[in-house]
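Two complexes, one shared chain (chain A), two partners (chain B, chain C).
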Partner chain A sequence: MNDATVQAAHLSKSFGAKRVLDDLTFAVAPGDVIGVLGKNGAGKTTLLELMLGFTPPSAGDIRVFGHSSERLPGDAKSRVGFVPQQDELIDQLTVADQLRLIASFYPHWDAELIDRLCTEWGVNPKARVKSMSVGERQKLSILLAFGHRPDLLVLDEPVASLDPMARRQFLEQLVEASADGRRTVIFSSHIVSDIERLANRIWILKDGRLDWQGDLDSLKESIVRLHLRAADGVLANLEVPGALSVRRDGSFTTAVVRDWTPGSLESLTAGRAIDVQVESLALEEIFLELHR
Partner chain B sequence: MRAVARLVFLYFAGTAMTRALTICGLLSCLISLYVVTYLPQSQHMLAFAQVGQLLFFLGSALMPVMVGRLAQGHASGLLPYGRWKLLLSMLLTVFLVALPTGILTPFAFVAGMSEPAAALVAHPGLLEFSITRAWIIYTSCVIIAGWLYLVMWFLSERNRAGFAKGMLVIVIMMFLPAREIQELSATTRWNLEQLAVAWTVFGALFLAWPRLKNVRATLRRATAGSRGGFSRDTSGREVDLILGTGNPWLFIAAQLIPIAVASRVGIDLPSVWLYFLTIFSTVNGAIAGQAAERSRALWLRSGWSRSGLFAAVEKSFLRHNVVVLVLLLLIMGLIGARAGFTRALMAMGLPLVVLGTLASTYLGLSLTRGLRWFEASLGVTLMLTLMAVSQMLGAQPAPLSVVIVIEILLAFSALALRILARRRWATIDWTQCRPTRALSLRGA
Partner chain C sequence: MFVLKPQSGVPIYRQILEQVRRMVASGQLAPGAELPSVRDLALKHAVNPMTISKAYSLLEAEGMLERNRGRPMTVASQARNSSLLNRRLQQIQPLVEQTVLAAKQLEIGEAELVKSVRRNWENDHE
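Our next item is the complex of A and B:
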């Protein structure tokens, strides 16, 4: 995929003896909205930082807009927006000064959009950054990343400090930003419902590897819960292929399986009289099952 | 260039305080320009220029803070040409800050003349000489301003290594540009060469720093791995451990390095040595400025009341600072014997070092709401007073009665600061003294 916004091949990152990311290969197309899921320490932040060239890979290659992320030229950087996990605002300045400062680095800054968002999100331009709450600072960080209408927006747990109202406003803005199908959004979050609502592709990081990458629908079709009941009442010896978890209760068995396809049903029952019900799972349940 | 201009503007006018300082500094310089141009001259008429220059420099105090903040985070890596623009803005600021001195210097050369400086045009030879000197002074001031920002940068690390590096730079400043100005031995060419080398090295390090940082981090992890993990000494009293006063020897080592360098580079003026040592004494005390923010952990872990907490914190810092102070006094004795300090200088200088430590310790302890106008002014006043007394003691003959009065006033000030600190700790509010990441430029 030559026109990929981000492309990585066999990407690994180690800190000393600890391997944080191991042999990741992926491509991100324009218009993708990718939600990155993973437990604490799974390597989400490291992956996003590798993407933006903040840290070099230990092995492999990662390219953004066709450039090695380690050597992103200025015009490529002007197409990237980033919201870090911890804000990097200058306490001494006012919101307006902070916005003007960052705006001055970009040739195309959408002041109108930022003014509108300031009003909608209740960010007072005259407020001093030092006097703002954690949530307000987070809103300002997001505004700073939105202002130049980047083609690639990378957000590292952007909603962690936002109240439900602000979170909703932020997500609406993100939907609006990605609506033209040209802008790529990659964001990590622990709030799985947000990812489920917004992302069209999901990355699940586990033990430094991409345990799943694909669109949300495929993920939901691939990992399902099966409710099995044997007509003869005996299911004790039933092997469930690809089972992530199995719970047996007499003649009932409940199993969560991965790599499920409609054809799997046949091989599971293998001519036995088993009543099978397939239940779709919410993303949060899938995430929990994958991390059992 | 828009970003560079915006950065420079914010360095000088980013807050109400820096705006006020910058405007007052520029006004003072303009008044000085009028005074020296159109009024008969005297030495005192340059006071406007000196105050103006100082205020203008202080007006740009946001520069190291903002650069540090932007450079240490992700911003400089992601903003288009971010580090280049930051570097340019620093360079421009340094050249701007030195400008008033450069402009006013030709007039300073006729400060002793009884006619207005405008009369310079009637003496082409003198005019040419003045302009040559102005270039030399201007370029020297650019060098000094650069070093001063570096000192601010290091001191903002707020740890022993930062203090040691800051002191080391002060030594270099004393040895190179300041001495050359005093002895009129600098030339424009030599200054420009120094500037070119210093800024090329600094610029290269600044631009390459993100990569160097990664290399350093990898090496550190590798070394930590081979050592078998974390091996920092964590013994001692809990209160000292939390306040960072557990090991005065580290601080002593950090002070000995610049003192050793200073003695090697040939500082021989007693007044300069005295000022150098009194600065050390204030730095020694100034680490108490972190007491309030660190004491929150103590509040949670102990059964002390706020007043009891102050007593424990005061005791801990005094215990730490006394050890360092004793060493400073010993060093002063040794240097005094070697550099031929007069008895008067020793008799008045030793108490000055003690008073510097005490006053700065209690000033540091009184910072329960962060560093504000009032405390910053007190700090600057204290430094200027110590500098003035050092100069007085170096003069022949030294005005001893004035020095004694000032030292008595300093002793009372230390007492007053203690009372202020104790009162503030009685109602300390830890939400007002959270550690601020903006102040730390480490890793920039």
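Our next item is the complex of A and C:
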């Protein structure tokens, strides 16, 4: 895939003896909205920072718009927007000054969009950055990353401090930005329900590896909870293929399985009198099951 | 017009598929009726536009919806006929499977089961 927005091959990163990311290979297509999930310390921030060229890989390769991310040329850089976990605002400036400063780096800054969003999101241009709450600072950081209408938007925990109203407005803006199907959004968040709304693809980072990458829809269809019921004794020795967890209770068994397909049902029951009910799981439950 | 629950385990595109099929089968959506645009629906529910496009494309492929240049998608004129029996049979298929399984576990023969279904059917019609 040559037109990939971001492409990584056997990407690894260590800090000293600690290996934070281990052999990641992936490709991100234009139009993808990727939700990055992982426990604290799973390597999400490091992954996003490698993408932005803030730190070099220890092994392997990562490319953004076809260029090595450490040596991204200026025109490619201007197509990237980033919202860091910890904002990099300048306390002494007012909101308007801070916006003007960032806008000066970009010839095609969309001042109209940013003015409108300031009003809609209740960000006062006259306020001094120093006096703003954490949530207000986060809104401003997002605006700073949106203004040049980047083709690749990378967001590291962008909504952690936003109230539900502000989060919804932010999500609507992401929908708006991705509606033409050309922009790429990569965002990490612990608010799984936001990822569930917005992402079409999911990366689950676990112990520095990509434990799962693929479509959200396939993830939801391939990890399910089975409720099995049969006469006494039938279930006791039943092997449930791909089981992440199994709970047995006499003639009932509950199991969460991965790699489930419609065909799995037949091979599981295989002529035995077992009643099977398949329950779909919310993304949060899937995430928890994968971390048992 | 849709009730979308992103946190239900059922993928959003499948929720749309099922709701359109049901509304067409029941006649709530008549042939020619317009569907909301992908953009409007995505914004209203704050969900990924691609998810909605995917549902619309699948519905188009099964002949339920028609794509119109520069205008909203509409319910196809043949939609109701094709959706009628097969779709509705599919919807009760899980219940039928469960009933047959239970009958086998209880060692009830096919003829007895059919008789029982018929009895219930007739009672219901009185």
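Going forward, the second predicted complex is superposed on the first by the 288 of 292 C-alpha atoms of A that agree within 3 Å, B and C clash if a C-alpha of one lies under 4 Å from a C-alpha of the other, contacts with A are read in each partner's own complex, and residues count from 1 in each chain.
Everything that follows uses one rule, which is that contacts are C-beta pairs under 8 Å (C-beta built on N, C-alpha and C of every residue); 3 or more make two chains touch, one makes a residue touch a chain.
What you see is a predicted model, and the numbers here were worked out from it, not measured in a lab.
Trainee: Quick check on the superposed pair: does A:100 touch chain B, chain C, both, or neither? Answer first, second, both or neither.
Mentor: Only chain B; A:100 stays clear of chain C.
Trainee: Is A:80 touching anything from chain B or chain C once the two structures are fitted on A? First, second, both or neither.
Mentor: A:80: touches chain B, not chain C.
Trainee: Contacts for A:134 in the overlay, against chain B (first) and chain C (second): which applies, first, second, both or neither?
Mentor: It touches nothing on chain B or chain C.
Trainee: Touch check for A:217: first (chain B), second (chain C), both, or neither?
Mentor: A:217: touches chain C, not chain B.
Trainee: Report for A:59: first if it touches chain B alone, second if chain C alone, otherwise both or neither.
Mentor: A:59 sits against neither chain B nor chain C.
Trainee: Figure out whether A:165 sits in contact with chain B (first) or chain C (second), or with both, or with neither.
Mentor: A:165: touches no partner chain.
Trainee: Touching A:9 in the superposition: chain B (first), chain C (second), both, neither?
Mentor: After superposing on A, A:9 lies clear of both chain B and chain C.
Trainee: State whether A:88 touches chain B only (first), chain C only (second), both chains, or neither.
Mentor: In the superposition, A:88 contacts chain B only.
Trainee: Just chain B (first), just chain C (second), both, or neither: which does A:193 touch?
Mentor: second
Trainee: Please name which positions on chain A make contact with chain B in the complex.
Mentor: Interface residues on the chain A side: 15-17, 49, 52-56, 74-75, 77-78, 80, 82, 84, 88, 90-93, 97, 100-102, 104-106, 130.
Trainee: Touching residues of chain A toward chain C in the complex: what are they?
Mentor: Interface residues on chain A, with respect to chain C: 31, 33, 168, 171-172, 175-176, 178-179, 181, 193, 196-200, 216-217, 220-221, 224, 231, 273, 275, 279-285.
Trainee: Would you pull the chain B residues touching chain A in the complex into a rising list?
Mentor: 2-3, 5-7, 10, 14-15, 62, 65-66, 69-70, 73-75, 77-82, 85, 210-211, 214, 217-218, 221-222, 224-225, 436, 438
Trainee: Could you list, by residue number, the parts of chain C that touch chain A in their complex?
Mentor: 6-11, 13-14, 38-39, 42-43, 45-51, 54, 98, 101-102, 104-105
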